[in-house]
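The two complexes that follow have subunit A in common; it is paired with subunit B in the first and with subunit C in the second.
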Partner chain A sequence: MADPFIIETADLRKRYDGVDALRGLSLQVPAGSIYGFLGRNGAGKTTTMKVLLGMARPTSGRARVFGLAADEQDASVEIRRRTSFVSDEKDLYNYMTVEAMIRFTAPFFPRWRVDLEQRYLRKFDLPPDRNVKALSRGMRTKLALLLALCRGAELLILDEPTSGLDPAMTEEVLQALVTHVAGEGMTVFFSSHQIVEVEQIADHVAIIDRGRAVVTGALDDLRERYRRIQLVFDNEAPAVAFRAPGVERVQRNGRVVTLLSSAGTKQILEEARALNPASVDVVPVTLKEIFLETIAVEN
Partner chain B sequence: MLWYKAWLETRWRFLTGLGLLACSAGAIVFLYPQVTKLVPMASTVDTSGGLGRRIAEATALVRSYRGYIWSQWFSQNMRQLWALFSVLLGTGGLLAQTLGGGALFTLSLPVSRGRLLAVRAATALAELGILAIVPSLLLPLLSPAVGQTYSFADALVHGACMFVAGSTLFSLTFLLSTVFSDVWRPPLIALAFAILMALVREVVGGPSSASLLGIMTAESYFRGDGIPWLGLLGTAAASAAMLYAATLNIARQDF
Partner chain C sequence: MLFRPNPSSGVPIYLQLMEQVKHAIETGALRPGEQLPGMRPLAEELVINPNTVAKAYRELEHEEVIELRHGAGAFVSGNARAKKLTDNLRAGQAIVAAAVERLHARGVTDEEIRRLFEAELAGLTRSGGHGG
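== the complex of A and B ==
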């Protein structure tokens, strides 16, 4: 039976010069998913991707891609044969032209898609004879994306794919990505600190903070589970500690107590009503609110 | 395709080196008639001091065309230029490309780091081989133009010794380029090492076959003592060890 998870990490740790970049990261990326990897700058997103691709070695813990150990040399080569990667910097060879960059990359990938290459060259309006050095940030991103999408890979790892792009270009890149993934049935693991774009294309999400995953799951499931519960009292709100599991955060402000719950809303409501509030409101929360609240709790 | 990439990254350094060395070789040959006219003037120089002894030695060498070629080309111009370009060709690579140079793109390819390094080193070594042999072969080809002859065998032996022994400078720079991520420290340290070698030879002296520069210029072969096989073997082993160390070093790096 095929492995249901394309990427699996367990208690993954990475230490650079005395700084913990990853502090026990555990992730499971389902096959066929578009997995958004959210986190602030320096949260450990890029380090995770580098470990998965064998560019950095984990200090401890486990990282597997396609069931292969990412820190073993031969396995790592096989992982990269089946994976496309676009780095945050859209790192390409400045001394090559667009055409030369494509001709250089294609032979490394036996399943290179010439049909897609031609389609994206036209769609992205990339000038084949232009030097990479002379490309704008947007064009560079498009070329990096073309080189990734044509590899015929099973997994696409994108590090901040739209960073530095204007909204129109961002939309164009995201649309191209979604269309491609829908047609090719591949798994996408992409990092971002743009919550809107994660909400727009991801079906699974992990929020990472200081090298640890603080929230993981299917996006619909998270939206279903997370609730904001607001209690308004007639007088000063009582200072209480909620015992029900699932309470992520409690904020007390005058007559109002606001709770963020990640599970067991019913049980929390029972505990809350026992305090005799004047009113109780339960409202769904957005991914942005989940992100901001969980990051705030962690800090 | 890695070969093509390595060629693109080194081609200007290589072609510049080839052009300079070829011009220098041509100049050495065509200047010979003028140099021979100056030789009688050297007989008036006082040869009692250290400098005088050097002038006398140089004059003695220049009296024969073979001595002139060895002292002016293999021992000076070529040695210096070739050493400079061996250091320049050893500079760069994955670590230096981490800041906007495409290192992450390279590392995302399904190729081991060992292979990346091997292709880069082999390309540069092939270029250095051409830099050692081709300009040297111009000497026997151009010599008839000034009424002289120079042996192809001599040109090949000196060129090959320059390549084998001098590759230690390339290997040293290559190794240093896997330690330092900037492009300045590796060549500067390697050039400082080369200058130190030259100074040690000047001050300490000793047999030419025991010094790196002596082996590079194949002084023992020129003086009729044969090819410095032991020295060539030693320098080749040192080069191989440094290239292997570079491979180990890059394999354990985090990018």
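== the complex of A and C ==
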């Protein structure tokens, strides 16, 4: 039976030189999704990708891609055959021209898509005769992306694909990803610390902090579940602990209590009502707020 | 057609898109029987996830606002449900306009009105009974 998840990790741990880079990471990436892997620098995003691609061995826990164990050698070869990876460094040969770089790369991949190669060459406005060395950062990214998209891979793993790009270039890269997923039905797993781009194109997200996923799920589901609830009292706010399960955070400040809830708003409101507040406000929470709040809690 | 979901608003993008399609029908920008943009071109144009557009269209089909014809695309429903929706929205608009006008007359600001609506929709009616 086909695995419903293209990537699945459970309690994944990785210790490098006495540092815990991953501390029990659990992820489930559904087939056909654009999965945003969001976290601050040093949260463990690149390490996770290396483990998935067999470039680093996990200390413990499980990592599977296409249902194959990422830490078994034969399986790992198969995973890499079916996966395109664009690293943060954009591994390209500086002495080659754009055209030579494409001609050099294509023969390694039997399913190379000449049609896509031509399309992205035009769309990205890449100069075929220019040396890779002379490309701007944005052009390098677009060339690396072209090479990754034309491989005919089922899974695209991108490490910070838009880092250092201006807004126009970023939009171009995001559009290429959206178009590609729509046309080819592949799965994209990309890391970023740019919340705006994640909320724009991702349908699933994980927020990772210090080696652990602190929030995971379908983005629309998170937007529907998370609420900020503000209670204003006539006098000093009562110092009670909220017992409803969805309460993530409570801040008490004079006559005002602010709650962040991740689920069960109705139940929390019932509990709040019993405290006789003078007023109650409920507002949606943006991904940026969820990110900042969940990271803050960890700290 | 002008659809402009705001990914940073905290409201699910598919819900924003659904509202915008309904609004286009309500204003007459989209008429019964007319074709909507294809899911893929729309995702590319708005640079949003294709699955999100598909979800919005599926939900709109479920609400009988649009019809998805296999291979042909999405069309605004010509049936009574869509008509009724338009009528309901027109009636609703009038009610909201009157309510907003009365609130303005009492000195309630736009931002406060927005929050009142939001609280009401979040099911706060029963908990707001303590002078809120």
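As a convention for this text, the second predicted complex is superposed on the first by the 299 of 299 C-alpha atoms of A that agree within 3 Å, B and C clash if a C-alpha of one lies under 4 Å from a C-alpha of the other, contacts with A are read in each partner's own complex, and residues count from 1 in each chain.
Definition applied: contacts are C-beta pairs under 8 Å (C-beta built on N, C-alpha and C of every residue); 3 or more make two chains touch, one makes a residue touch a chain.
Since this is a predicted model, take the numbers as computed values, not measurements.
Judged by the touch definition given at the top, the superposed model places A:Gln118 against neither subunit B nor subunit C.
Contacts of A:Ala56 after superposition on the shared chain: subunit B is touched, whereas subunit C is not. In the overlay built on the shared chain, the residue A:Asp220 is in contact with subunit C alone; subunit B does not reach it. Of the two partner chains placed by superposition, A:Ser136 touches none, neither subunit B nor subunit C.
For subunit A, the partner touching the most residues, choosing from subunit B and subunit C, is C.
Within the complex, the subunit C residues that touch subunit A are 7-15, 39-40, 43-44, 47-52, 55, 115, 118-119, 122-124, 126-128, 130-132. On subunit A, the positions that touch subunit B within their shared complex are 16, 50, 53-57, 73-74, 77-78, 80-81, 83-85, 87, 89, 91-96, 103-105, 107-109.
Touching subunit C in their complex are the following residues of subunit A: 32-34, 171, 174-175, 178-179, 181-183, 196, 199-203, 219-220, 223-224, 226-227, 265-266, 269-270, 272-273, 276-289.
The part of subunit B that touches subunit A in the complex is made up of residues 1, 4-5, 8-9, 100-105, 107-112, 251-252, 254-255.
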